[in-house]
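Right after this note come the structures.
Okay, so chain A shows up in both of these, paired with chain B first and chain C after.
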Partner chain A sequence: MKVSYYPGCTLRNKAKELDRCARECAQILGFELCEIENWQCCGGAYTSSTDEIATKLSSVRALKAAGELDRPLITVCSACHNVIKRTNLAMKEEEFAGKVNAYMAQDADFTTPYGGETEVYHYLEFLRDKIGFDSVKEKVKNPLTGRKIAAYYGCLLLRPSKAMAFDDPENPTVLEDFIRALGAEPVIYPARNECCGGYVVLEDKDSAKRKSATVSESAKGHGADSIVTACPLCRYNLMKSGSELPVVYFTELLAEALGAKEAENG
Partner chain B sequence: MADNKKLKEDVLAISGVNVRKCMKCGKCSGTCPSYGEMEYHPHQFVSMVESGDIEKLMQSESIYKCLSCMACVERCPRGVEPGKLVEAIRLISIRRKDANRLTPDRISELLDEDMPQQALVTAFRKYTK
Partner chain C sequence: MQRIGVFVCHCGTNIAGTVDVAAVSEALKNEPGVVYSTNYQYMCSQAGQDIIKNAIAEHGLTGIVVCSCSPRMHEATFRKTAAAAGLNSYMVEIANIREQCSWVHKDMKTGTEKAIILGKAAVAKVNLNAPLTPGESPVTKRALVIGGGIAGIQTALDIADAGFPVDIVETKPTIGGKMAQLDKTFPTLDCAACILTPKMVDVAQNDKIRIFSYSEVTDVKGFVGNFDVTIKRRARYVKEDVCTGCGACTEKCPQKKIPNEFNLGMDNRRAIYIPFAQAVPKVATIDLDHCNMLKNGKCGVCAKVCAAGAIDYNAKDEYIEEKYGAIVAATGFNPISMDKFDEFAYSQSKDVITSLEFERLTNAAGPTGGKLLRPSDGEHPRTIVFVQCVGSRCDSCAQKGKEYCSKICCMYTAKHAMLTRDKYPDTDVYVFYIDVRTPGKNFDEFYRRAVEEYGVHYIKGMVGKVSPEGGKLMVQASDLIDNKQLRIEADLVVLAAAIEPDRSARPLATMLTASMDTNDFFTEAHPKLRPVESPTAGVFLSGTCQGPKDIPETVAQAGAAASKVIGLLAKDKLMGNPCVAHSDENMCNGCSTCENVCPYGAITYEEKEFRMPDRTTRIRRVARVNEAVCQGCGCCTVACMSGAMNLKGFKNEQILAEVDAICR
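Right after this comes the complex of A and B.
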């Protein structure tokens, strides 16, 4: 099964592992991530204001490209996913879509207007809904038995739930179910869907540090031995906050459990 | 005064928020992770927009302390979505002043070698026009 893939800028640079493991594991699980041609950066954050058109165009172009191939669009980074999914929802509103399409009509290769038709999935969501965690479990070669892993959702995966429609925003289960499928034990802790401090780290390191420390201490206090995330910025903030627990990407865990590295080595 | 009225109309229009739905329960501020760093808290954004006191919000550092985490948007029992007001006021502020919060010449001092690109592009989107 071929699906369109939007890696995003960070997966090309500081989060190469997040990307590489995602691609390798997809092969093992029976689907292929086909990178969209000429994708542009999503901008990292969705701007909710209704008069912001230009900042949505890169997402719309990616959505449209996937739609033209009649494929769903998959993202791995929590931030890209948040931006693209919210943009897609906004494109279902006629007035907003009209403005964006009027802009896009200036593109040389513009053919038909876009109206939010493409299905958008986060990689985790795709595993849960289209592959099935039971099938993932069957492919596990190295179960992560005995590991206690804290799922960190942060804010971008879940909110706003009206647009993300990903999981219950206050009592999510997808990452915990994923962790169970890999043979490890999920640790439930109160700060799992609180913010890490996000982009504010750029100008106020202490502010981000306080927020991230709350998260990592909460995970540690509930007995976790590591934290798993889908977001490069969450990972960065948690590590810089002095987290005593290692912080890994969910695709790295998946690659470890599926034996992706061994498969690669022969 | 006329300007003030226009400002309020703009904020309401681009945020899409209906401030009159607010029942003043304070839940948005209670859940805000940046509460301690904000001069004006999410529920005050709602009430001050309603009373037309927007200039103070625009001048306040509070608009740069918001993390866009959407906790207040998700958890408001009345669906008021205060975070969208913060965003609208920040945008109007950086557009009007033509004074970006972040300029490219500051990047090298703010970066370290582990920082993901995501942090930079997001901050630019939030702080710069």
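Right after this comes the complex of A and C.
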């Protein structure tokens, strides 16, 4: 099965592991991530911009590119996923879509207008709904037995729930089910869906640090030995706050359990 | 040719503000058949009606057009006026130039043009009107009350007091409803059971009232004064007339672990049970889903211990059919499910409870014998956080909760907070609110007492998250007045869940053809002037099925609904609606289309002999309308392919004449 893949900028530098493991695991699980051509930043970095159209154009182009190949679009980064899904929902509104399409009609290669037709999945969502955690479990070579892993959702992965339509943001289960499928034990702790501080780190390092420290301390206090996340920014903030627990991407965990490295080597 | 009079109403500035009424009356003067046309400030006033009466006499009018408000408002008024002047009521037509014209237009020119067109259409119709005489139907002098909470109880008692028989249908094994589960009532703090249970006994002892408990209405046919209702009496496997309510069976039944609904699952009951000590009727009921004897034929303990011999394992559901003149919906409410509000950790901690659960926790007949103890460990809670508006006043975009205010929560939360501080002064009590809404007699004084005398901490702001941590509940909240984020370590969190209509209301409304709003509350015939009547004749509304209400309001509305029922049942005959369907036998081809579309079952077919032009006779199948059952909805006239079916007062020719007048 071929699916369109949108890695996002962070996966090209700070979060290379998130990207590499995602690709390797996809092969093992029987689907191919086909990176869309000429993708640009999803728009997540322009959150403070006031122009509501220009910030969404690059996402729309990515969505349109996937739609033209008649494939679903998969993202791994929480922020890209958030921006792209919200953009896709916005494109289903006639008035907004009209404005965006009028913009894009100026592109030299513009063909047909886009109206939110492409299906967007987060990699985790795709595993749960299309591959099935049971199938993932069957492919596990190195079960992570005995590990106590704290799932950290952050805020962008599930919220706003109407647009993400992915899991209950107040009492989510997807990452915990994922951890169970890999053979480890999920740790439920109160701060798992709190904010890590996000972009506040640019303005006020201490404030972001306090938020992140709450998360890692809460996880540690509930007996976790590591934290797993889908978001590069969450990982960055958690590490900077001096988390005593290792913070890994969910795809790294998946690669470890599926034995992706070994498959590569031998 | 008709002699038509046109009367254009100013309705103060309601119409005259956007419609040039003089121009309308002037323009309509030239319409075919019009012999008189005038305008007046308030046509519905005594003086206005006199203008109509005088004109009828003076100009020998045979038809009337009143250009005024919606016919729902004053059609009946002007029909009476015409009748008083000796004209058939059905020779009156209303052109609605207020709701459908002046209120929706801003521009005088377009408003006036449209008013003239609407007037022309009405004139064209009256030209084809014929006098109609309504038939009469008898009134069955018995009322049905659906729901046996305080609303249904009060309505039934008031109707019975006037001498009419009443039946109460209640789905639960006992009447009493939500009020029976309450501990104290605001703002007087008298005990709910002490004021409710005597009324329940009155119902049981009143020989005009029959209680069908553990029953439901499954079918309603007929119309005002003559409803045919089917009631399903679910098998309770205990003979109601034999059981003495001694309770021996409920102590011996070996099935002990069934969540007790009356205490909201906070303790257990047996498979054979009496919901609570003051239940009416006080008879046991066997829960089919949990009884071993009924499921696999093994047990029979209750039959052995029953001295009265009331147990009947072979009982079957029974259906009874009864006739009623009036039906009162009193189906009540439920707190909404907390499933979508997991930020408050309701599903994650036993110590997060709803306000109704709190009522049971503080009630002497509740699971803790009235001691306020944490459900998780039975300890006395030292810090309690009450959260108001859980699911009330929600943004429609949130896709959870309700947009409306549930109205009762501010007062019962103040009551809970006050009673807690009174009984356990060592307890810290916080109440988080968006607004405190306490209009009502002695209500605000009550709330202020909670704050000023009992030292309850009222904090404006909402709770964002409750997380169970180490046996405590960490409550994260914002204090909007101090502009601070708060973290409170609580032992118990109480959620004031929004209330919603009972699930049975929607299917019931369908059976009754009564309308509902988007929240499934029953709609009243007029929000101000007919608050206890449904738009469907003969169907009345009592209590929270119409909208959130506290007990005093519910009782007041229940009495008002009863008085409307009494007014109806006091009549011996009802005037029917003469605007019913009529089939032209010569045109009917017997296709059955009309019979299939009729929602009231008013159309039947008969074989009839017709004389043909060549003097032979032929038997043909033709439609016949039962005028007593027909409600004049007009479905059949639209469906009839041969054009045989016509609605009196709204004949196809009349409607087309109106359309022609508009398009002219």
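What we mean here is this: the second predicted complex is superposed on the first by the 259 of 266 C-alpha atoms of A that agree within 3 Å, B and C clash if a C-alpha of one lies under 4 Å from a C-alpha of the other, contacts with A are read in each partner's own complex, and residues count from 1 in each chain.
To be clear about the criterion, a contact is a pair of C-beta atoms (placed from the backbone, for glycine too) under 8 Å apart; a residue touches a chain by one contact, two chains touch by 3 or more.
What you see is a predicted model, and the numbers here were worked out from it, not measured in a lab.
With both structures placed on the common chain, the touch criterion links A:G197 to chain B but leaves chain C unconnected. Judged by the touch definition given at the top, the superposed model places A:D70 against neither chain B nor chain C.
With both complexes placed on chain A, chain A has more residues touched by B than by the other of chain B and chain C. Of the two partner chains placed by superposition, only chain C is touched by A:N171; chain B is not. Looking at the shared chain after the overlay, A:C155 reaches chain B, while chain C stays out of its contact range. Shared contact residues of chain A, touching chain B in one structure and chain C in the other: 170. In the complex of the two chains, the chain A residues touching chain B come out as 8-10, 12-15, 41, 43-45, 47-52, 55, 77, 79, 155, 158-161, 169-170, 194-195, 197-204, 207, 211, 231-233, 235-236, 239-240. Contact residues on chain A toward chain C in their complex (touch as defined above): 162, 168, 170-171, 190-191. Contact residues of chain C toward chain A in the complex are 341-343, 345, 347-348, 397, 399, 465, 467-469, 474. Of all residues in chain B, those touching chain A in their complex are 13-16, 33-34, 37, 64-65, 67-71, 73-74, 81, 83-84, 87-88, 91, 101-102, 110, 114-127.
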